[in-house]
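In the two assemblies presented below, chain A is common to both, partnered first by chain B and then by chain C.
Moving on, here comes the complex of A and B:
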């Protein structure tokens, strides 16, 4: 009995804190999304005369619809690159060697850097007047467009920076999976006359497919958080070419004061992220059931 | 076990690894070398690869408002880490020992609070802080970071407690010890490495944050990441200071993450580095 009480006692403060700082804000966010709340309009925070107005406006808001498309493009492209490059890196570094083990740590640097420092690094790579990229192009007599302010390249430059930042994550996950594959399997395939490509395709790939999917899902959920890169590199522009939903919600709330409408955008975004997260958990369960 | 003939550290592979690493790290190294250049050298074409390194950028940062921001970052990150551990470690222990139904649902609910995009918290926090006067205060930042790190602590620490056999605790209980004593005197010392790793990860999350600090602070509680961005202004960009500030912001991160690299994956998958 005393033990039970202790467990309850140990758990309660955390639950109270989480309720206060996660559940209450979520409820408040939903409440705000039902109002035309603007900081500059008195009484707008409690105006529930037309609660679903914000949600009704959303489908007809070209910037909102565009932001979902931009987010989809950014997420799909960066997740694909990160999973592919992470896998290639992991295959390259999956060798038993002291030097390689030592080197692996340095491959993780981009991922652990503060996101704003990553953004600063890419800001200077993309800054025409001082960038090593532009120096190199000039030396080769190639004229590069201003990448982050070009309609054609702005989103690509965000994808490149995001891929640089997060490939170490997928690399780390895939490497961990590769190390669980017993060497005997590929040895046996080798004896049977399989070439390297066949061994990869028929032995290695089936082993690492679940981890490829899972690390891709993690990156997909997190790709909503590319905020510092967009904030510093393009500011959502040119026009709305790189304006993801997260950034649009930020501008609405903290730039144009449309707090109620921004809350509605955020609620929709939350629902999407939750849906994807639940999908991830469901897949994780299924994987456990299969194993 | 014989070493595989397929996975061998051939010279060719080692060269490929080294070249890949250099390419991968070149953007990072470019920022680092820039922080030791004068503004003239930064703007020179072609960029001088051999130059006399100067600490001028760092010295001028030291004498600017940046040092106060650095202290703000240190304060908010370490205080929030302490609080998150204080609340989270006992909770993780409780979850680990609690056999009741609903344990998994509760664990998942705790994790979900961390998966949500930061903007979902920022709007309510901003309005609430504005109302009670917590905008632009260290207290306000500590509160947000604690709430963001709490789920991480619970998720990181639970497996550590799981590895401690319950029979060990039962023996002490039979001898008449109270659960509280068993927890503090027997269980906690055994998970000290886990606590250290978790603490470092919490510190890094708070330290790395840009989004919350951008919106919830102005001048008094401005953190180092926001201060770096403030060097980009319309009067001309102070690239030397930006590079030096960026290097200073990433210094503790690099040191700490080397220390906990074994736990990085579990830490990162239990949520995400806040944007």
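Moving on, here comes the complex of A and C:
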């Protein structure tokens, strides 16, 4: 009892802070989503006469539905590339060499850069009139389309930039996992006549699978936050080709002042992210139980 | 000097001082002396977005503070940040600001919602506003957004933007025997013929399509709303609007690759370096192509009226104003500041000492000093600027769509639809039909009765 009281006492300040900075704003967001709140309509912030109106309108809003589809495409593609590339890099650089150890740090640079810096770097790469990419293509007599304003390439250009930024995260995670695998397993497999591919498939992969799932889960949740890249590179365009849900919510709140409706969009996004997280945690536990 | 004589001289000095004080009191009664610094102790809080005007004005604010006794706390933020802050502050009935920038696009909604003080009460009082300040000296077209339906004024403009056409490569035009385009058709032809010559693009533009596109829609006889500000039913799928969208999308085929996502700076650089021939935009952006030291096309540039459409000749224009929130604590002090900041004296100083020409006082724009400073390659840019800025104030206020409170929503839909057309995702008719439906749905969702 004494111990319990101490723990409760020690945790109280943190819980108060957590409540104030995380729970209260979330509650306010939910409350706001139940109103037609518009900055220039006095009294709209406290108008609860039709609380579910915003939610009722969402399925019939083509831009909202499109934004979910764009978000799904962006998340799946970028997470897939990041996990695969991160794993490949980790396998290649999991070598006991001082030079390789030194080289590994370079791969981490994109991840530690502020997101807006990453967005500016890619803006420069994708800007046809000043980009070294375009100069190189010109030298090779290749005509590149405008990547960020082309319907076919705009989303891909965001995926490439996001992959460049976050592959180091999965690389780091997988590398750490690889270094915990005891050498005996692969040595035994070699003695049994297994080739490198078989060693990877039957020895290494089972070891790193949980880390791949966790990295993928983190990146999936984080991919919803690809805001700076979209803001700076495409502005959600051309048309609505790269307009993901959080960018649409931003436009509603900050461009057209529809705070209430934007809150409803954000609440749906929050629920989706929570749903995906819980689903992945449940899958992980089920796998553990089966094992 | 003996001690006795020193004592005698001190006494005399004191006596002289006392006499002078007595005389002053007799000539200027005590209350009047106190009024020489009538706002002593007042701290005036104001807010706007960052703009060169305020950076220049800040140099003179100490003089104003010294004269009035008040302290000026001017908070400057990026435009979107400022608009959000001001929207929130004004709509919640706050009194944090004594004066604010009345952003052009927000003016109508702030005025309609009763968030600003009626400035006629200040200009109509001879004790508060001397006759020489002359509110009628402000260019009428620039003042239109800051008036309500009854004609009361809620803001005075500190900056004007008038859409003009800049041409950077007149040498190339002359070589090809091309004349400055005066109509949409000629513009299309000149852009197409120049495009690709010596690596130069026919024209350049930038990503805010809802600023660049409407003059073409209006040029063909269309509009964004049916009849703004009274009837704000979107009019995006009229044949004229579709024609305007098709025309502008075709025009951009003569622009550099990636123009759809170009920023203003990218467009300006393309012009400064002579990589693009035509830029149709606010005079504040186009004119520096001629005046800037970094310009490589100073000798071959021209700034002229933008081309006229087959139905209307409606170049876009805008202005930014200063106003006083309804709940401001220090309204008289705020008016004193606005009066000073927009006075003919300060306006002329900004023109003469800093070459800042986008002001809205007619007497200054038409003055000899202004004309001398703004005549480049034989062109009177001030006259052009004034002509365009005045236009919405004469006859039909064709810029009313831009200040309607419904415009941000419809403008956003228009941007998306135009990009769909320009990138070939949809034919203009389909894109604009869809845009019309979306705009109506979004306006209804926002509570607009159509």
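Note that the second predicted complex is superposed on the first by the 269 of 291 C-alpha atoms of A that agree within 3 Å, B and C clash if a C-alpha of one lies under 4 Å from a C-alpha of the other, contacts with A are read in each partner's own complex, and residues count from 1 in each chain.
Please note the rule applied: a contact is a pair of C-beta atoms (placed from the backbone, for glycine too) under 8 Å apart; a residue touches a chain by one contact, two chains touch by 3 or more.
Computed from a prediction, not measured in an experiment: that's the story for all the values here.
**Q** Contact-wise, after the overlay, does A:190 reach chain B, chain C, both or neither (first, second, both, neither)?
**A** In the superposed model, A:190 contacts chain B only, not chain C.
**Q** Which chain, chain B or chain C, is in touch with more residues of chain A?
**A** B
**Q** Regarding the shared-chain residue A:254, is it in contact with chain B (first), chain C (second), both, or neither?
**A** A:254 contacts both chain B and chain C.
**Q** Mind working out whether A:115 is in touch with chain B, chain C, both or neither, as first, second, both or neither?
**A** first
**Q** Figure out whether A:137 sits in contact with chain B (first) or chain C (second), or with both, or with neither.
**A** Touch partners of A:137: none, neither chain B nor chain C.
**Q** Classify the contacts of A:62 with the two partner chains as first (chain B alone), second (chain C alone), both, or neither.
**A** Only chain C is touched by A:62; chain B is not.
**Q** Where does A:213 make contact in the superposed view: on chain B (first), on chain C (second), on both, or on neither?
**A** A:213 contacts neither chain B nor chain C.
**Q** Classify the contacts of A:224 with the two partner chains as first (chain B alone), second (chain C alone), both, or neither.
**A** After superposing on A, A:224 lies in contact with chain B but is clear of chain C.
**Q** Using the touch definition from the top, say if A:283 reaches chain B (first), chain C (second), both or neither.
**A** Neither partner.
**Q** So, does A:129 touch the first partner chain B, the second partner chain C, both, or neither?
**A** both
**Q** Overlap the chain B and chain C contact sets on chain A and report the shared residues.
**A** Touching chain B and chain C on chain A: residues 129, 254.
**Q** Going by the contact rule set out above, which residues of chain C touch chain A in the complex?
**A** 80, 84, 87-88, 91, 93, 106, 109-110, 113, 115, 207, 256-261, 266, 269-270, 275, 405, 408-409, 412, 415-417, 419-420, 422-426, 438, 441-442, 445-447
**Q** For chain A, which residues are in contact with chain C within the complex?
**A** Those residues of chain A that touch chain C are 36, 38-42, 44, 57, 60-63, 126-129, 145-151, 233-241, 243, 251, 254-258, 261.
**Q** Which of the residues in chain A come into contact with chain B in the complex?
**A** That would be residues 2-3, 6-11, 13-15, 17-18, 20-26, 28-29, 32, 89, 92-97, 99-100, 103, 105-117, 120-125, 129-130, 132, 135, 138-139, 164, 169, 172-173, 176, 183, 186-187, 190, 196, 199, 218, 221-222, 224-228, 231-232, 246, 249-250, 253-254, 259, 262-263, 266-267, 269-270, 273-274, 277, 281 of chain A.
**Q** What residues on chain B touch chain A, complex-wise?
**A** Interface residues on the chain B side: 1-9, 13-14, 16-18, 20-21, 24-28, 30-31, 34, 42-43, 45-47, 87-88, 90-91, 93-95, 97-98, 108, 110, 112-113, 115-128, 143-144, 146-147, 150-151, 154, 173, 178-180, 183, 204, 207-208, 210-211, 214-215, 225-226, 228-229, 232, 239, 242-243, 246, 249-250, 253-254, 257-258, 261, 264-265, 268-269, 272-275.
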